[in-house]
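First the structure, which I've put down as structure tokens, then a few questions once you've had a look.
Chain lettering (A, B and C) follows the sequence in which the chains are written, and residue indices restart at 1 in each chain.
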Amino acid sequence: MTENTPVPVNVITVSNLIKQFGRFAALRGVTAEFSGGKLYAILGDNGAGKTTLLRTLAGLNQPSSGEIAILGASKFHDICQQVGYMAHPSLLYDEMSGMENLEYFARLYGITSRERCAEVIRAVGLDPELVRPVGQYSQGMRQRMSLARALLNDPKILLLDEPFSNVDTHSATEMVRLLARTRDQGKTLFIVTHQASLLEGAADEFVWMESGKIVGRTRELKRPERHGESAGGNLTGENSK
Amino acid sequence: MTAPTGITRVTLLKDLRLEWRSKDAINSMLFFSLLVVVVFSFSFDPSAEESRQIAGGLIWVAFLFAAVVALNQTWARELRNQVLDAYRVSPAPANSLFIAKTLGNFIFVTVLEALMTPLFVVFYRLRALGPAWQLLLVAVLGTWALVVNGTFFAAMSLRTRSREIMLPLLLFPISIPALLAMVQSTTAILNGEGARFWIVLLVTYDLVFTTVCLLLFETVLNAE
Amino acid sequence: MRKAFPILGVLTAILLSYALYMALVGAPTERTMGDVQRIFYYHVPSAWTAFILFFINFGASVLYLIKRNPAADIVALVSAEVGVVFCTVVLVTGPIWARPVWGIWWTWDMRLTSTLVLWLIYVSYLFLRRFSSSGQTPLLAAALAVLGALCVPFVYFSIWFFRTQHPQPVMGGGGSIDPRMLHVLLINWLAFSCFAFLVCWSRYRLEKLQRDVDHAHALESLLAPRGSVR
């Protein structure tokens, strides 16, 4: 465990974030601060707003109101070089091989080195020489390749939306191990998932969302008591039970 | 940081490679173009003298149909697996994507035109009485006019219901002046008359709309 | 402002009645075409009014693109809708006029053809507004409006040149015009403009109310516990 790398406090700050799609309010006032070098697991039922929160952080959604500050910047585009994003769809071209996919996306980040692509592919436990198109991969392989894509630019922050969905247990455990290692290198990770048990050993904090708000943050995998609706998300700290 | 032109080039090459790999799309497009020519030949009797007068118009309408089918295809690839999100979160500029897509569409539609034109010439026994190089110029300018607006509207219709019908619905009205120019200039050149006004109109149209599409594309891409 | 509406309404009604009288009775009868020509006093002012409304749509759309002002979006929507209506009037009165005079239903003359293309462009604009989901509609529509407006000069130029190469019967107003007729024309235009303004204002208020209701609903769903609203 390396704690000697100084990490910036409050890597992401969210202030009364509201996101509405027509009459449906996906985020209803999310306020939170997240410090660097941690692995946050974002949990909650369907419709809790987890994906919307992540997509808003990734700059793919414009908030209806409220503020976001990522690495000190209010516009995602200013720091996009330092963020990696991954979702349940693979964000890869099915007809190209893993290496070809990564070489393309690397160029979008200004990376021209083939070796970097190969390195990242090896890091997720796949073979860079594999010419099979990504569309023929198993779900586990596909998600791992997608993760490799997210790691290409060596981002400080990783936003992962359901990375383990439909993935076989072996691949999932490998991914968690890799993600924990990434956190140990000083990066900050936000992982939305339904499979909280996978992250039980690795996550530094569990962020519980419900009905578009953060209802609790815990160190252990225990759902916080319902205190009724509180305005905005509050840090409830550890659950002593 | 890769220069924007580098990103355009890589994106274009990637698109061409993907197009080549999924040969189904190309083959069906080519066959569709052939069908269009044949159907037109049955509808507008090529042996009649009048048909040769309107051949200029027929060709361009055929190109227009082929272009619409092609244009609908090329953005569809970015929707699968939400790949477009990967582009949007990267530092790559929106305009590089637009230019790459437009160039890719231009190449694709030109290939279709290259197939259809000899067929038209043969079926309708066309002969250019005017300078043939001007026909090439009109083809390039006209195709660009269709493709630049088409790519823009195809991107716009990604965000709408009934995506496939929205593209021609938006594209056709705005393309009318350009279509008129394409058809009139083609007919004029085939008949040995001057087409300068129409060519100048096409050049101006291309310049204006390429510029405005470039200015507005980023807004359209990020409208969620 | 609320008081002004009925007053303006009455004034417009008076103006329209006067204009109608002048068009049907007051204006001199045209020498060659006779009384049929009187439809000219509806055909031409409608075209001018539509054109102004589309110009307003362009301005509002540009304003929206720069400032993201929701009022500008409503103005754009309203001016397009009312503009399309006036365009339709032009396209309907055209054939009504052409048939008795020239024996044909349609003539590809400059005004009629340009109006047709304009009508197509702005109807496609209205389709886009209807088919896109509410979050992005203002932005996409504004982008389309700018492209459509830029197309207008090209429409006019291309049809003008096309017409000089392939002359067609011209529908009225080709050469000089009797000053008394011009007078009636301008009165009708004024009346139409006032009417258009009233309709736009009404529609604007209606749309604004609708949006306010939607906002209130959205706010309610934002604050209330999930599942209790719907």
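We take it that a residue touches a chain if its C-beta (ideal position, glycine included) is under 8 Å from a C-beta of that chain, and two chains touch if they have at least 3 such contacts.
Only a predicted model underlies this, so the values are computations on that prediction, with no experimental measurement involved.
If you take chain B and chain C together, the chains in touch with both are A. Ranked by C-beta contact pairs, the top pair of chains is B-C.
Most remote chain with respect to chain A, judged by CA-atom centres, is C. Relative to the centroid of every protein C-alpha atom shown, the closest chain centre, again from C-alpha atoms, is found for B. Centres computed as Cα averages put chain B at a distance of 31 Å from chain C. The distance from the centre of chain A to the centre of chain B, with each centre set as the mean of the Cα atoms, comes to 40 Å. Taking each chain's centre as the average of its CA atoms, chain A and chain C sit 50 Å apart. Counting partners per residue, chain B has 224 as the residues that reach two or more other chains. Touching of two or more other chains is recorded for residues 133, 135 of chain C. Per the touch definition, chain B reaches chain A in the complex via residues 1-2, 6-7, 10-11, 14, 17-18, 21-22, 77, 80-83, 85-92, 222, 224.
Within the complex formed with chain C, the residues of chain B that make contact are 149, 152, 156, 159-162, 166, 169-170, 172-174, 176-178, 180-181, 184, 197-198, 201, 204-205, 208-209, 212-213, 216, 219-220, 223-224. By the touch criterion stated above, chain C contacts chain B in their complex at residues 65, 117, 120-121, 123-124, 127-128, 131-133, 135-136, 139-140, 143-144, 146-148, 150-151, 154-155, 157-159, 161-162, 165. Looking at the complex, you find that chain A touches chain B at residues 58-62, 76-77, 80-81, 83, 85, 87, 89-96, 100, 104-105, 107-110, 112, 133, 149.
Per the touch definition, chain A reaches chain C in the complex via residues 18, 20-25, 28-29, 47, 211-212, 229.
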